[in-house]
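Each of the next two complexes has chain A plus one other chain: chain B in the first, chain C in the second.
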Partner chain A sequence: MKRFVGMSVTLAALVGGLVLLAAGFYWVAAGLGWAFNWAGIHWLGTVPDGTVSAAAIHFGASVGNVLTLMLVLLMISGSLLTVAERKWSALMQNRIGANRITVGGNPLGGIPFLAADALKMLTKERIDPAAATRLLFELAPLLSFAPVFALFAIVPVGPPIDLGALVGDAAGAGRSIALQVASLDAGLLYLFAIASLQVYGTALAGWASNNKLALLGGVRASSQMISYEVSLGLSLVGSMMAYRTLRLDEMVVAQGHPVLGGFPAIGLLLQPVGFLVFFASAFAETKRAPFDLPEGESEIIGYFIEYSGMKFGMMFLAEFLEITVLSGVVTAVFLGGWNPLVVSTEWLRSAVSPLWFGAICAGAFIVKMIVIMWLQLTIRWLLPRFRYDQIQQLCWKLLLPVALANVFVTGAVILIDPSLQLLAWLGLGIIAGVVVLVLAAGRPAPARAGDHAHAGGH
Partner chain B sequence: MSSEVEAGARTEAVAAGARASELDAPLPTKRMLVNLGPSHPAMHGTTRAVVELDGETIATCKLDIGFLHRGFEKSCENVTWTQCFPYTDRLNYVSSIMNNVGFALAVEKLCGLEVPERAQYLRVVTSEIHRICDHLTLVGAMGLELGAMTVFLYAVEGRDLLWDRLAELCGARLTSNYARVGGVTRDLPDGWTDATLRSLDRVGALRDEIDGLLSRNRIFTDRTRNVARVPRDEACELGFSGPCLRASGEPWDLRKAAPYLVYDRLDFDVPVGTNGDNLDRYLVRIEEMKQSDRIVRQCLAQMAPGEIAVADVRYVLPPKPQVYGTIEGVMAHFKLVMEGIQVPAGEAYGYTEAANGELGFYLVSDGGGRPYKLGLRAPGWPMLAALPRMLEGGLLADLVPTFDSINMIGGEVEQ
Partner chain C sequence: MPYQIDNRPLDLRERMYFPEIIRGIGALTGHFLRNLFFSRDPNPDILARPRGFGRSDNVTVQYPEEKAPYPPGYRGLHRLVPREDGKARCVACYMCAAACPAQCIYIEAGEVEGDPVEKAPVVFVIDELRCVVCGLCVEACPKDAIRMDTGEHAPPSYERAAQIWDKARLLRGPSVNYQHDPWLRREAPSIPPAQRAAMKASARPFPSVGTDEYAQTPGFSVRVLAAEAKERDDRARAG
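Take a look at the complex of A and B:
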């Protein structure tokens, strides 16, 4: 009981901390927005004195978001994930996990390992293969690192809130800032475009290393990632049709609208098949177990076999950042984004000040992201690896037809009932069906009495 | 005119033929020679596999062993019979007591010795515990090779529990050096039986958890089913034994076929597979662990107090009070240590069902204190020799799991 209370308190403190963090993000965005406006007035002369320029505010807020969302949220959660993976895998495997670096005798949950790892990577001897293609070899870690950041730009972490209400200045009224770096009309198309850039880092690393095992890894990576991009793209078409937009921020708003008697129309409800296909495909894009064939540490060691020091570190970190980005996209498209689901968004908007409304919503978003990250870590430590031919079969024979069927069925259902009620009922039915199937398949194996005479009874 | 037409038709036909053959022609790909090992994170022991790849398909596979060669057979000729036991520890180092027992049985066959009943039970108990260790290692490594590391750590937890029990008994986790000609070195410590039963319960729970995580896991079964199949007749021809042979469908187990020690008094089953693929080799081992568990429990229930070694100073060191108190004791001790056991001249083949299959010791004695010649039938050897045959035509990703499924142990194969 004591333990339960302690865990509950920790959890509440975590959520509270995230909300405070989000409030801080909003302040940074607002402050930089004002700073740019001020600079526009006093230094550049582009903004008429005494007015507020929407462009300057927007620009400043975006710069603030780059600093807070990308450098703080994405980078820190990505690096914390390296520790979380160690700790969580240790929990799953009846181990204690990383605890040998202590600060004043306290291992602090393994967090000091972050600094130790970074220090080790940075100070390690640099060993470059002599026959490597130098330019591509150096470029590959950058190419696997950069697109991940670019991807996070369109993830809407927090809702737009009124700047006037935030700083208590009537002049700012009507100008809103949101926790999203770039709100693009192309939205999901941008996501597909940048996601397909990721393959270059891996493929080039394998190609340029002048190592046969790395080459195998690179070839595996490119075939796997190009295949899964197809189902990745198709799996989101249903969501685009249901919410009639490509923009992620609009999708999130649409997911707050009630359907089925007040329940919000979240993507998981309207598009359960799309969610499953997207999650599987995006998981394959992150190249982690069970899709870690390009790495395959027990067969070919991986496409980064020739990389040492921080160049390896960047590829390693890119993998964890991909987890974060994938969680962000899944949250935004399928889990209702920043809509805090437990309470009505409309009620919350009227109940608290705009700043705290935004902060609570952004906190809800981050909590959902953490849940999806946890899910990914669990899957990674639970399942064995696919084989090269099986992974292609899974993609082309299962995920792709299912995604295509999902597109047609979703389109037909939306044509019949544009209010999405029918789609929600269908989704509910599918979720129930999946749950029943999982329970049926997950039941304990029938007692194998007398089975010893044919152990391989398949 | 007509000849022109003919010529034109002929060129067309030739062109059509060329097109048709182009359609048939496989894409000319270059084969790639990849060297896995001897220092490769996934290679068991230190082995080199030179693999010629056609894409991801293994075209040819050559194994290069010998990196762990220690000259076991020759070394044994230079030491006394008793001093051979530590060498046998290093054969299959995951289940060393089985090697001890195998060697002891062969020497006793040559001497015509009958070991006391309690010693026989102790040998069976420790051997079967080591069989569980061996199979746990393999099953866990199978998960590890396929990327499921969690399973491996569960298996290691179980194995370490059992090794702790054996360390309480023989003082070492790995190199147990437990059996002797004429008996065993130590009797069970106080409370050992209860502790072992508790450990077995825990190991059983871990084993069931591993079984639950792998046996019904679609990815695992897809990756192991019909991979590296060895049909029954082929397995017999290749000289397979042990779990690999039984996985192919041949119900041959030395513990049943030619019972030794007290196996004829114990109730256990011999699991048999049907397909001879990696999945069957895995399933057979899971089932064998359950049977070994049964055997250990039966033995612990049946055992009665008694001598743990023959009371014959020609074979077994006399008790210490006798050594310190009597001249006969000192002399016997001195002769045994300096000259070794005087094994009657002759030759004998001793066999046991070790964790990997038939472990055979062929001994020749010239009546002296040292083996004149010693030959080892390592159980892993025929399976290892068959490995290229099992792998060729398969995928590179299946190389390491298959390598694991035959449980190649460098120590015993390379001697």
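Take a look at the complex of A and C:
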């Protein structure tokens, strides 16, 4: 019971802390936006005195978001996932997990292991294969690391709020800042483009190591990732059509609009099939179990076999960052983004000050992200690895046709009923069908051999 | 616990794959939430830990801090059984050393004054690194002077020397006392008369089948096993 109360308090404190963190992010963005405006007036002379330049504000806020969202949110959640991978898997498997590093007698949920791991990676001996192609060998970890960060740039973590509410009406009236590094018109296309770049890191790591096993891993990785990019792209076409935009921030706003009697039109409701296909494809792109063929420890070790020390650490960390980014994208496209969902977004906007509206919404976004990250780790610990032909079959024979059918059906339904009502009913029907299939009686739990002993008359 | 797996082919719903994955996620979520919100029962007897709603499913025994007891009859570290006056029961007959297949027992005998046994080990060393834990020394001992009933295994050490157990380390544990022990029957002058009387009062009869003493597993008995074997033989001969 003590643990139950403690855990409940911890989780509540976590949610509260995330809201406070988001408020801090807004302050950083607003402060830097205001500072850039000030610098434009006083140092550069590009902004006329006494005015507010939208470009300066936007640029400053973006720099602030790079610092907060990418370096704080993305980096910290990515590295905490290395600990979560152990502790959460332990909880799922009825174990305790890493708890031998304690601070004042308290294992703190295994978080001190983060420091120990980083120290280990950084101080490990660096071994470079003599016959490696040096430039590409050194470049590969960067190439697998960088696209992940670039991807997070378009994830809208928090809603735009009026700058005037933060720094005084005179300075920022009418200018808004959002917790999003870059709001691109190309939006999802940028996502596909950068996601495709990730394959360079793994393929080059495999090739440049001059190791047959690494090459095998690299080849597997490239064929797998290129295959799944097709279904990855097609699975989001339905969402693009439903929300009539490529911009993720506009998609999130559209998901707040009510459909089906006030329930918000979140992507999961309108595009359940798209969600399943996108989630599976993106999961394959992260190269984690059950899609971890490129690194199969028991057979070829993987494309990073020749990497040691922190270069391996970067490959390792990139995988976890991919999880975080994938969670962000799934949250933005399918789970209503920063719309809190438990309360009406419009009601919240009118009930609290703009800063707290933004902070609560961004907190909701991060909580949803954590749930999706947890879901990914759960699936990783749930499923054994696919065989290689199964991976390709799943992609080309199942996900791709389903994604294509989803595109056509979604298009037809939107054509019939542009108000999305029909699409929502269809989605609801599909979700109900999945629920029925899940709850339908499966095979009974295996009987313990001991139970039969008495009946068998031993 | 072995499970019987039902190997019938997958039906359509199972081949659709996603519903079963979602069921699996549900199962893992149940474990996750139970283990997250409820604390582990530290009872070393894992099967006796309460299960079900509102309980952790955790099966860990945090080994160095918590130890699951070994089953009775477990062959642990040797000990030299002491008499009640603190000396070893051992009479240095070398039967254990002769029986030892790993030759890990080294004994040097010496004379003792004022005791009817007249002979006792001066040096008694067991090399626990060579020991194969077969228990033949215990079976061989005519005096019930060496036992493996400590319930411990050899503790880890940084030096090999720490695994060479001499008499001072081996002589420990509860003392054992039999009615016809020579130092009681023939009144060893080295034991004060009052203590000798107390020892006589607490002495027990010597078991006719030595191994029964150590096989403390409930229901296990060498005598019963021997009787069963004899019965089997008789039946085989008759039938």
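Basically, the second predicted complex is superposed on the first by the 435 of 458 C-alpha atoms of A that agree within 3 Å, B and C clash if a C-alpha of one lies under 4 Å from a C-alpha of the other, contacts with A are read in each partner's own complex, and residues count from 1 in each chain.
Methods note: contacts are C-beta pairs under 8 Å (C-beta built on N, C-alpha and C of every residue); 3 or more make two chains touch, one makes a residue touch a chain.
These numbers come from a predicted model, not from an experiment.
Look at A:L268: by the touch rule set out above, it reaches neither chain B nor chain C. In the superposition on chain A, A:Q93 contacts both chain B and chain C. Once the two complexes are overlaid on the shared chain, A:V66 sits clear of chain B and of chain C alike. Legend: residue contacts after superposition of the two complexes on their common chain; A:Q390 is shown touching chain B, with no touch to chain C. With both structures placed on the common chain, the touch criterion links A:A39 to neither chain B nor chain C.
By the touch criterion defined above, A:I300 lies against chain B but remains apart from chain C after alignment on the C-alpha atoms of chain A. Judged by the touch definition given at the top, the superposed model places A:D292 against chain B, while chain C stays out of reach. Once chain A of one complex is fitted onto chain A of the other, the partner contacts of A:V438 are limited to chain C, with no touch recorded for chain B. When the shared chain is aligned, chain B and chain C each come close enough to touch A:L382.
In the superposition on the C-alpha atoms of chain A, the part of chain A touched by chain B in one complex and by chain C in the other spans residues 92-95, 381-383, 444, 452.
Interface of chain A with chain C (complex): residues 2-4, 7-8, 88, 90-96, 276, 375, 378-379, 381-383, 434, 437-438, 440, 442-444, 446-450, 452.
The residues of chain C lying in touch with chain A in their complex are 1-6, 8, 13-14, 16, 18-26, 28-29, 31-32, 35-40, 57-60, 62. Taken together, the chain B residues at the contact with chain A in this complex read 32-34, 40-42, 53, 56, 143-150, 153-154, 157, 212-217, 219-223, 225, 247, 269-275, 277, 279-280, 283-284, 286-287, 290-291, 395-400.
Listing the residues of chain A that touch chain B in their complex gives 89, 92-95, 212-213, 216, 220, 289-290, 292-293, 296-301, 381-390, 444-445, 452-458.
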